[in-house]
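Scroll down for the structure; my scribbles are underneath it.
As written, the chains take the letters A, B, C and D, and residue 1 is the first residue of each chain.
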Amino acid sequence: MSPAPGARTAAAPPEDFRAVGRRVSNWGRWGDEDERGTLNLITSECLVAAGKLVRSGKLFALGIPFDEDGPQDGRVRANPTRLMKETGAEPQGHPGAFRYADDHVFMALQAASQWDALAHVHYDGLLYNGFPASSLTSRGASRCSVSNLSPGIVGRGVLLDVARARGVDWLDLGAVVEPEELDEVAGAQGVEVRSGDVVLVRTGWRRKFLSDHDKRGFKAGEPGLGIRCADWLRAHDVAAVGSDNFAVEVLPGEYAEEYLPLHMVAIRDLGMPLAEILDLEALAEDCAGDRVYEFLFAGAPLPFTGGVGSPVNPLVLK
Amino acid sequence: MSPAPGARTAAAPPEDFRAVGRRVSNWGRWGDEDERGTLNLITSECLVAAGKLVRSGKLFALGIPFDEDGPQDGRVRANPTRLMKETGAEPQGHPGAFRYADDHVFMALQAASQWDALAHVHYDGLLYNGFPASSLTSRGASRCSVSNLSPGIVGRGVLLDVARARGVDWLDLGAVVEPEELDEVAGAQGVEVRSGDVVLVRTGWRRKFLSDHDKRGFKAGEPGLGIRCADWLRAHDVAAVGSDNFAVEVLPGEYAEEYLPLHMVAIRDLGMPLAEILDLEALAEDCAGDRVYEFLFAGAPLPFTGGVGSPVNPLVLK
Amino acid sequence: MSPAPGARTAAAPPEDFRAVGRRVSNWGRWGDEDERGTLNLITSECLVAAGKLVRSGKLFALGIPFDEDGPQDGRVRANPTRLMKETGAEPQGHPGAFRYADDHVFMALQAASQWDALAHVHYDGLLYNGFPASSLTSRGASRCSVSNLSPGIVGRGVLLDVARARGVDWLDLGAVVEPEELDEVAGAQGVEVRSGDVVLVRTGWRRKFLSDHDKRGFKAGEPGLGIRCADWLRAHDVAAVGSDNFAVEVLPGEYAEEYLPLHMVAIRDLGMPLAEILDLEALAEDCAGDRVYEFLFAGAPLPFTGGVGSPVNPLVLK
Amino acid sequence: MSPAPGARTAAAPPEDFRAVGRRVSNWGRWGDEDERGTLNLITSECLVAAGKLVRSGKLFALGIPFDEDGPQDGRVRANPTRLMKETGAEPQGHPGAFRYADDHVFMALQAASQWDALAHVHYDGLLYNGFPASSLTSRGASRCSVSNLSPGIVGRGVLLDVARARGVDWLDLGAVVEPEELDEVAGAQGVEVRSGDVVLVRTGWRRKFLSDHDKRGFKAGEPGLGIRCADWLRAHDVAAVGSDNFAVEVLPGEYAEEYLPLHMVAIRDLGMPLAEILDLEALAEDCAGDRVYEFLFAGAPLPFTGGVGSPVNPLVLK
């Protein structure tokens, strides 16, 4: 009898994450100067094929509302602060009837729906493709910054609705999604994951927040991918992975002594951008209805020079 | 003998902008509560058709670099300030090897490549669709905020390369683009503007900035659309219009006593979002090469609750 | 037998706060255009007298550390975010040996130790001295802004150490300090409150935070002045009042249906600036030691044009 | 015949700045762990004596207005951006009559009137007192941060009005103030510079800005102290020096190959905080009137943990 999906088996301690990283590494695959990582997998053919997935003209936006009611609890990051500079209620010095409103924002680039750039995470002194961690200074990232992810990130998207497959509103905090479950969900959904895909994994963690509005609860931990998914991402040559939780991977993690191991392996060894804090609810509902789990995904990071992340509002067209 | 394109004829003072606004108004067209304006023109059919325009798998990003070398001169707005919070050089309190970098930004939402929301401009006390200007407070826009433009803005895009059609690197400051010229350019390019399109007008103003890096010059005025283009935008039922200048329309404008009249009519009467400070250079070069001026355009505003604008990095797929 | 200090007697519901405000009002006292309120009470004689209080050359700073470990819990305001722009580790484009570091801050002006400007609070549509609340716009305060408090705030300071007088580390949340207790404390300390004084009331609320670092607890409510202290402040012609809590006055307050009534009366009717989130610990310890509770107080707000508050690090010289 | 004051004599190339730094160095003078530098010179006796200088009860504030019309031109730093969050025009969720306004600021800590902390400038890999430059990270300054300047900066202040002594509204850009001139000005004013003083040097550069509002001109260079003043500052054991220009010292400087040499020597070798962009106009006018050039100076930096500078609004009492 096999264990329940996501159950942790004490008999199988996780493999050393560095060994995983070495095995799945994409360093050098696209040249020594490459700073785009798995985005290189999105070929022209991928884009043409993705365009053909717009069949019914349905449109979804995956960005959460950007405001102070967001899921950040202020311990690591705060929600965005947007402030008005002009409303037009006052004389503005222009001739005639013209009145305008204007606003500013202060925010962590990873405060809401976001991309992690390849410079976001490193270990052992090296970034993706072997660039030195010293390339990160108070000026920003001179290597692997978010600017390198532009133009992009667009291509075929696939939703893997793990929560729905398990028949739950959301997975529990700490629940591990193993690669076998990703395959099972894809199979049950009738969708295939292909090279160059943007894979979206739904854990229900956004749904939980929408139901309880508990910021501390949202950030206390999460269900998500386990470290064994690194091989799965490499085997399928996924271009990018996103989720409705805040770190894609499970937290607390599988290693007592390592924090965010899949971040380390995915971003630094695979060279794969991660999308976090997405709202997959409406898309998931639609996919469950029409049984179509593939689509055109278009989620461009803002090209902040030297940036290590970017807010994003990805669009999905079916 | 007709005047040179863009020459201003003193014999024809512009029509009162309010009369233009009344004639082209879309108020009530999509109901009294509508806050999406011309985005309503992007039907499911439009999206399906736009998907089919991805033929060769070429990808372009229209966002300029988001950094302090941008074109803002600080008089109305400054360029974005992005600052690191973490680089990972210091102990970060996590167990094991994990190191991360993190950054923040302070910026005007309209500091770089951007969308103007429908709440951005008003006159005579009313916003688009008759919502009161008093709906704009220090809290933001309770009506017609940028959130209403999500999901969007995506659809068929068309480039009208006016600078290239005129055979110049860029139009002069103050040069007016008249609707007849838009038709001529479209005709010469072999492209038709259709209902629901996102129309991109290239004046070369970005190219000028890239050649001289003169912030004051970039913001001193610009070539752009004249007020008579309002009828053209309405007649073609354009969904949104963008440009490589900073205000889409010509500046100094055609009215001595009114500032940004096309902003007033387009945003407030037509209910049309404007995209500004786009980089159309690579796209224009490609279109000139393959003679294909239509494409899938995907440029999602960030859904800032109450916001009156949003940074954006639009993607174009051909 | 009299009730314990601070005990609320249900038999005595508080007087209508508007009646208190009318009675203590300083409107018109210094002219119809006055925007400095009780700072007018600090005469040249007061300053000369204050200078003479520097007897032993002891110096104290009352500002708390300005950082993310401050007492703000993020619900109304967040602690300051200070970010480096330059560290000097990188080439900086100057000739020779020069290296510099530079930093930025984003903060609510009332996030840490602070002054409330007279434009900070209003009711019934009017600010201090009858200026209309409409003078507050998205541009800031055109009347009674913090700039009007400069030059100032400096003069004779007096510490009333209520917590020490009660023999407790800190007063309980919700404990009311009544005017009689202020007089008793002053008497026991051997100090007299005079016209033009800056009065500092120590409740121990800072000490509590320093002992438990509980942000939510710090902001959940506080011990502080009751509404009846308004008459006391007026009778003594106090120039400004400060405290180690976050609102000077008791919270939850004495009125079921009114929030921060002493703010309304002190700021709007008396025209009195309030200083909040001060660290009085070292000063109080010293005063208990030498039994000298009067000193020179110098706490200048930053002259933010149109601002409604300011961070401050008040200095005390004894 | 001696050269005009401030004239540069090509015959006398400046001494190597490192040699100056070694000669005037205060490293180790107050122990190996000292992070307060010349503030140690302000003894209790200094404070008592300073209190006695409050004779007529006149009060001046030296901070310029903190707003977008300040002297920053945006090339290195921008003027502060203050934005309203609340005005009270909207329902705010409190019971009863209470309405409040609240605002935020984003600013470089050295954007307006300011203190340079001892961590602001370094060379040859070392900060004041030999602390390593590596103590500056993206987290801030772990050594010699602005917090160390609190409690302070307060003491006897002396104004040296060089512009008035020369009989000009302002000194020219690039005019060098030599130590002999400081002595001459002090002598003519009848004031003596003593150990522990805060010395304020008026060049008129603020007056120039107030007359022409030319931001680019203000930052294009300035008159100011020459490198030889380093010995003068050390010989008089000055505690801190401030000016109405933006860098205290002359710019362009006296060394072709070194930038801001007096910054390097004063901050890093002497351990002396610098105050910049002060408004000395009203104070200078008063001092010229009563011939009293000494006073109590109180200018507390905000204690930003890890900060390398701080805005300040210094108060002067005479």
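Please note the rule applied: contacts are C-beta pairs under 8 Å (C-beta built on N, C-alpha and C of every residue); 3 or more make two chains touch, one makes a residue touch a chain.
The structure presented is a predicted model; accordingly, all values stated were derived computationally and were not measured.
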Using the stated contact rule, I'd like to know whether A-C or A-D comes out ahead in C-beta pair count. A-C
Residue numbers at the subunit A-subunit B interface: does the shared fraction exceed half, giving same, or fall under half, giving different? same
Using the average of all C-alpha atoms in each chain as its centre, how far is it in Å between subunit A and subunit D? 47
Measuring from the mean C-alpha position of subunit A to the mean C-alpha position of subunit B, what distance in angstrom results? 28
Between subunit A and subunit C, centroid-to-centroid distance (C-alpha), Å: 45
Could you list the positions in subunit A whose residues touch two or more of the other chains? 81, 83-85, 87, 89, 104, 106, 137-139
Listed in rising order, subunit C residues that touch subunit B in their complex are 81, 83-85, 104, 106, 137-138
Considering the complex alone, what residue numbers of subunit A touch subunit C? 73-74, 78, 81, 84-87, 89-90, 106, 137-139
So in the complex, the part of subunit A that touches subunit B is made up of which residues? 17-18, 43-48, 50-61, 63-67, 69, 77, 80, 82-85, 87-89, 94-110, 112, 119-124, 133-134, 136-141, 147, 150-152, 154, 255-261, 263-264, 296, 298-309, 311-315, 317
